[in-house]
Amino acid sequence: MTETSIKDFEAAIAELESIVKKLEEGDLALERSLALYERGVELSRFCHARLEDAERRIEMLNERGQLKPAPPSLTDD
Amino acid sequence: MTETSIKDFEAAIAELESIVKKLEEGDLALERSLALYERGVELSRFCHARLEDAERRIEMLNERGQLKPAPPSLTDD
Amino acid sequence: MTETSIKDFEAAIAELESIVKKLEEGDLALERSLALYERGVELSRFCHARLEDAERRIEMLNERGQLKPAPPSLTDD
Amino acid sequence: MTETSIKDFEAAIAELESIVKKLEEGDLALERSLALYERGVELSRFCHARLEDAERRIEMLNERGQLKPAPPSLTDD
Amino acid sequence: MTETSIKDFEAAIAELESIVKKLEEGDLALERSLALYERGVELSRFCHARLEDAERRIEMLNERGQLKPAPPSLTDD
Amino acid sequence: MTETSIKDFEAAIAELESIVKKLEEGDLALERSLALYERGVELSRFCHARLEDAERRIEMLNERGQLKPAPPSLTDD
Amino acid sequence: MGPPAPIPTRRVLTVTELTVRVRDLLETEFIEIWVEGELSNCRVWNTGHLYFTLKDSAAQVRAVIFRSALRYLKFKPTDGLRVVARGRLSVYEPKGEYQLVCEHMEPHGLGARQLAFDQLKKRLQEEGLFDASRKRPLPVLPRKIGIVTSLDGAALRDIIQILRRRYANAHLVIQPTRVQGEGAAAEIARGIRAIGRVPHVDVVIVGRGGGSIEDLWAFNEEIVARAIAESPAPVISAVGHETDVTMADFVADLRAPTPSAAAELVVTAKDEFIGRIDSLRDRIGAAVGARVQSRSQRVHAVSGRPALAGFPGRVAMRGRHADELTHALSRLTRAALGTRERRLQLLRRQLDGFDAGRRLAVIRTRLVSGEGLLAGAIARRRLQASAQLGTVAGRLDALSPLAVLGRGYAVCWTGDRTRVVRAASEVSAGEAIRVTLSRGEIEAKVSRTE
């Protein structure tokens, strides 16, 4: 897997979307689509990790500071 | 969390307001908005602390420029 | 067996298809059809090797970290 | 036996067919029919040898790298 | 014995039969009949030699390579 | 005895028959009949010699070439 | 009021010239003058201007105050009232009269102080003490609130009450001062400075309750104004009521009409603070939450797209395609071989159908038959010849002229055996003769004839 660095969440999601688009457009060689898939999985994991991290941080702050709980829509998922 | 010093209550409120503006205007990178959020929480705590900080006191300067508690007639309201 | 290089999976599949087509059209000399068969086997092995490689890579990815399925609420729409 | 060279399987089969036809039509001189018969046997052996060779080659290919048998679903139709 | 050349088996048989016919029609001078007889014997010997030769050739063909019966798998269908 | 040459078996038989005929008609001088008779004997011997010669030749051919005697069915007609 | 310029001698002027020169002189020389006197002949014309005469015991001067200035007077001019008027001199040429064009007028008694006030105000203004740029914003949340005022009076109580109500734990530092009377200004100024030295005093209220202009006068003093200007913390002036503007008000960072108003300006209610902060906090929470959620949805949506989630399946489909092709390859090749095998097999059977042996046997039969016929034919021919010979030879034997010899006869030949000796005379003695017997011949010699 090409372990190209991922700049940040936005770069990751943008790249992920472009990868999905490419994959959806189809007509890629197996090798190429595999590479894209691998990169896509990597990016998706990165994004998930970042989101979890973000949620954890938000939650931590809320716990520490007795701030209002985040709206249900955020905690439910 | 970047523990940038907070000058005073005014600065805190002002920064908090600017953070709200930035966050609400949107289009920030996730990391950046998280950092802003954390900073905002920090600022809000600071403000709360500051509000509770002040002692309920009435002092009086005497002729020699010394601080003395005010006479009860003034504090008993 | 003529060890002509195989460019990639797609080229291999395409060549394999053309070989199958030729074989289906029939009317080939025995030698020729044998040669095609041999080439076909070579191509098929190449393809299978590539696919196995691909599947191994995919499996490896999945082992490394389950690609989260989207929560129902998101996938339903 | 006249050891005329045989080009290939197809030429052999074609010649064999013409020989069989001639022989069946009869009316050939003994010498001629014998010569034809001998040639026919020769051709037939040549063809058998070629077919055996072909089968051996196919078998060898199959042994070398187990050419996957098609899944049942594919062979049933 | 007049050693007239014999073209081939068929010619020989034909001449032999014509000789027999002549002889059977009779009215030949003894000498002539004898001469014909001798010619007939010669022809007969020629034919025998040819036949033996042919038999030997056939036998040889059969011995050299048993004309294999086709394998069941292919002949059955 | 006039040693007149004898052409062949058939000529000999013919002359012999004419001699016999002459002799049977009789009325011949002894000398003439004796001469005829002697000529007849000569002819007869000639014929015998020819016959023996023929037999020998036939036998010789048969011995040499194993010419089978014709089967009864063939000789009976 | 300086002396008029000396008129040159022997220079004769027309009245008009004189009047103009007087006018010019008066109008340039008496631009802003203060005149004290008693009002008389006050009369408002229908133009709205007030015409009156200012007089004292020895002199009088005509004066006018235009409607525009009249509006701003803090009192109503009436005859007999002693006033101090500010204005300039002008000349009414047709009558050769000069008159005072009044711009401002105050009741007498305030005049000197007012003059001092105005002069001070002008000076301080020129120094820039009133500049808007000097005005400091009030602290949003002062740590300590300084109050410079009298312990007596309602002002302090009002301030304390309001501050406590708005912000229960407010920290107040009071500098008691006298706020009127002799020395009050100095005391106030000192008080402001003393408060300024107390740490964490972020704002100072300086003021007192309402009173007469004389009562408020200490706040017009320069010393107070300067103390305010020099205060390290922003100062709110709260002197008297709304209509009284003091020097302190000009210099202060903020002017409050009353002490109570000043207290309200100093600190926002704590509840409002908390509400504001919490609202801000909620807003950032909501904003960041929404952002995270939208990101999360985006990530899930894109991660769940079939192109990505279904990728392994598609690879497997490719595998199936490859398998199908491979199978087709194998099947077709085997079929091709099978076709050939069958064709070859058919040909083989056909070739085998050509029975060389049988063909040979047929031929052999033909040959043998031929041979038999040949043998038979030659045998018959031989027998025929033999029979022919036998027959004729038999007949010849029967006709042999020598047959009688068997019975004992003999035939006598001449010696050369050419002639039969029929009579003895035919031979002579000594002559050779030949005798043919039944079996054999005898060669003899005639010994005698008879």
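We call the chains A, B, C, D, E, F and G, going by the order they appear; numbering starts again at 1 in every chain.
The working rule: a contact is a pair of C-beta atoms (placed from the backbone, for glycine too) under 8 Å apart; a residue touches a chain by one contact, two chains touch by 3 or more.
These numbers come from a predicted model, not from an experiment.
J.: What chains, if any, are shared contacts of chain B and chain D?
T.: Looking at chain D and chain B together, the chains touching each of them are G.
J.: Just to be sure I understand the contacts, which chains border both chain G and chain C?
T.: Touching chain C as well as chain G, we find A, D.
J.: Shared interface numbers for chain E and chain F above half of all numbers used, same, or below, different?
T.: different
J.: If I rank A-G and B-G by number of C-beta contact pairs, which comes first?
T.: Looking at A-G and B-G side by side, B-G shows more C-beta contacts.
J.: Using mean C-alpha positions as chain centres, tell me how far chain A is from chain F in Å, no decimals.
T.: 132
J.: Could you work out how far the Cα centre of chain A sits from that of chain B, in whole Å?
T.: A distance of 36 Å separates the two centres.
J.: Taking the mean of the CA coordinates per chain, how far is chain C from chain E in Å?
T.: Whole-Å distance between the two chain centres: 66.
J.: Counting only Cα atoms for the centres, state how far chain D is from chain G in Å.
T.: Taking the average C-alpha coordinate of chain D and of chain G, the gap between them is 72 Å.
J.: Spell out, as numbers or ranges, the residues of chain E touching 2 or more other chains.
T.: 9, 30, 34, 37, 41, 44, 48, 54, 58, 67
J.: Identify all positions of chain G at which a residue touches two or more other chains, and write them in rising order.
T.: Within chain G, residues 281, 285, 288, 292, 295, 303, 308, 311, 315, 318, 326, 333, 337, 340-341, 344, 348, 351, 356, 360, 363, 371, 373-374, 378, 382, 385 contact more than one other chain.
J.: Write out all the pairs of touching chains, ordered by chain label.
T.: Inter-chain contacts occur between A-B, A-C, A-G, B-G, C-D, C-G, D-E, D-G, E-F, E-G, F-G.
J.: Can you name the residues of chain D that touch chain C in the complex?
T.: 8-10, 50-51, 54, 57-58, 61-62, 65, 67-68
J.: Give the list of chain G residues in touch with chain E in this complex.
T.: 337-338, 341-342, 344-345, 348, 351-352, 356-357, 360, 363-364, 366-367, 370-371, 373-374, 377-378, 381-382, 384-385
J.: Taking the complex as given, what residues does chain E use to touch chain F?
T.: Within the complex, chain E contacts chain F at residues 29-31, 34, 37-38, 41, 44-45, 48.
J.: Spell out the part of chain G that touches chain F in their complex, as residue ranges.
T.: 368-369, 371-376, 378-380, 382, 385-386, 388-389, 392-393, 395-396, 399-402, 411, 418-420
J.: Which positions of chain G touch chain D when the two form their complex?
T.: These residues of chain G touch chain D: 320, 323-324, 326-327, 330, 333-334, 337, 340-341, 343-344, 347-348, 350-351, 353-354, 356, 359-360, 363.
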